[in-house]
């Protein structure tokens, strides 16, 4: 279905560094906020995922920085998936500035781990059900 | 010369998240601390770089997460460069845990910008001089 | 007029620590977000304050913690002033949880400094005009 | 014995804000780092405290800011206690800059809670034993 999730946020003062721009590490926090907002909007909030006994640790993360982001800006973090596989999934992100310019593009790759044994498991059905519509070209 | 810089640090409580592990975004902070420590140890501290009128913004960053890092651990961030080019340079990093296990590998790619005009410039000589010995296979 | 400003926010995952509660230091960030939201809603955003050539550094901050705050909660930061004096002002805050319980109470005291000389100055008129209605018992 | 603990640290770039000074909230992080360093140096590290089944939540925190702190400075966080009571203890802190100037003074008040029941408990003996020598005028 190629659905994309949009998470709008106001850039916080605490996130800018001594150059008065959002620090490179904070982009990953914005990605996380968008991802957690997506699952919550799909009625499968992070707390429920935890209660269901698994976690989705990140195995790889990457960002291509295009334009600086400043305090007070309202930005949109667009989130979707490149793939959903048996043992991994890849989220893609784009942060769009108020004027439409792209601030960055990036992705995070996740695995699935059962909390009690800390063993890798296959993609849980419940997660697949809510995410499948965000997979591109699917 | 294939020199590598080692930055030893104690993992701080503030850096762990609700899963009691260092948050994925904080690894990029550790990379930055290591990078800034390297230039300082080479007698070209960040403040001097700023005073010399240029900055080295990140155009791309990437991490492969291997093992979780916990509060109180003493880790070593190993830093060197893959290349130093006219208009970009690529720092590589490895975070090593106390028991020798690799916590992550990653890199950051940087450009050079003159602060007064915000134009891209070529790699400043002074920076090249201190970094050249950290370039791998050089 | 005893006006009070309400800033509603969703508690972010990045703000919780290894005990899965919002870290004590982050409460001060929430106070700041509320304070900046107040001046923005009064059409005197922080950027304009900076452009007008002064800053409002904190000389004292204090919090009485009552109840823990958890990831995902929606809280309200209530902000007003205890006083507006010639050379200082005191903001008061209360963070209220979803169920009406008070998470904390606190305050910050600020001075006024001219950015170009870094000298202390008297309360700027423009700031007084927008804040006077938030002073309690005035 | 009026013992005081000194925790030396290098100010990190991530801790400065858009005014190029350490953000007001990060002082509380420095206090925490100093406090955790103290108990570790006394051979009762935080992990052991957790394993012993109790936590020491903060009920009040306060800072008097005197001078700004900048990236790259080496500062000393001096830590001791004003009192150790049956149901609370009060840590005091002073952050001293390289030139001997005092950056801030502050304190945190803590209670003792048993982790399994989350009930308040009396000051654990083991904690009292290591902290008693840091109580002023004792």
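A few remarks follow.
Letters A, B, C and D name the chains as they come in the text, with residue numbers starting at 1 for each one.
Convention: a contact is a pair of C-beta atoms (placed from the backbone, for glycine too) under 8 Å apart; a residue touches a chain by one contact, two chains touch by 3 or more.
All values derive from a computational prediction rather than experimental measurement.
Here A-D and B-D were compared by C-beta pairs in contact; the pair with more is B-D. Centroids of chain A and chain B (each the mean of its C-alpha atoms) stand 24 Å apart. With each centre defined as the average position of its C-alpha atoms, the distance from chain B to chain D rounds to 30 Å.
A straight line joining the Cα centres of chain A and chain D is 35 Å long.
Residue positions of chain B touching 2 or more other chains: 13-14, 25, 29, 32, 71. Taken as a graph of touching chains, this assembly is complete, with every chain in contact with every other.
The part of chain B that touches chain A in the complex is made up of residues 19, 24-26, 28-29, 32, 55, 57-65, 68, 108.
Per the touch definition, chain A reaches chain D in the complex via residues 13-14, 16-18, 20, 23, 25, 71. Of all the residues in chain C, the ones that touch chain A in their complex are 12-14, 29, 32-33, 36, 40, 45-47, 71-72.
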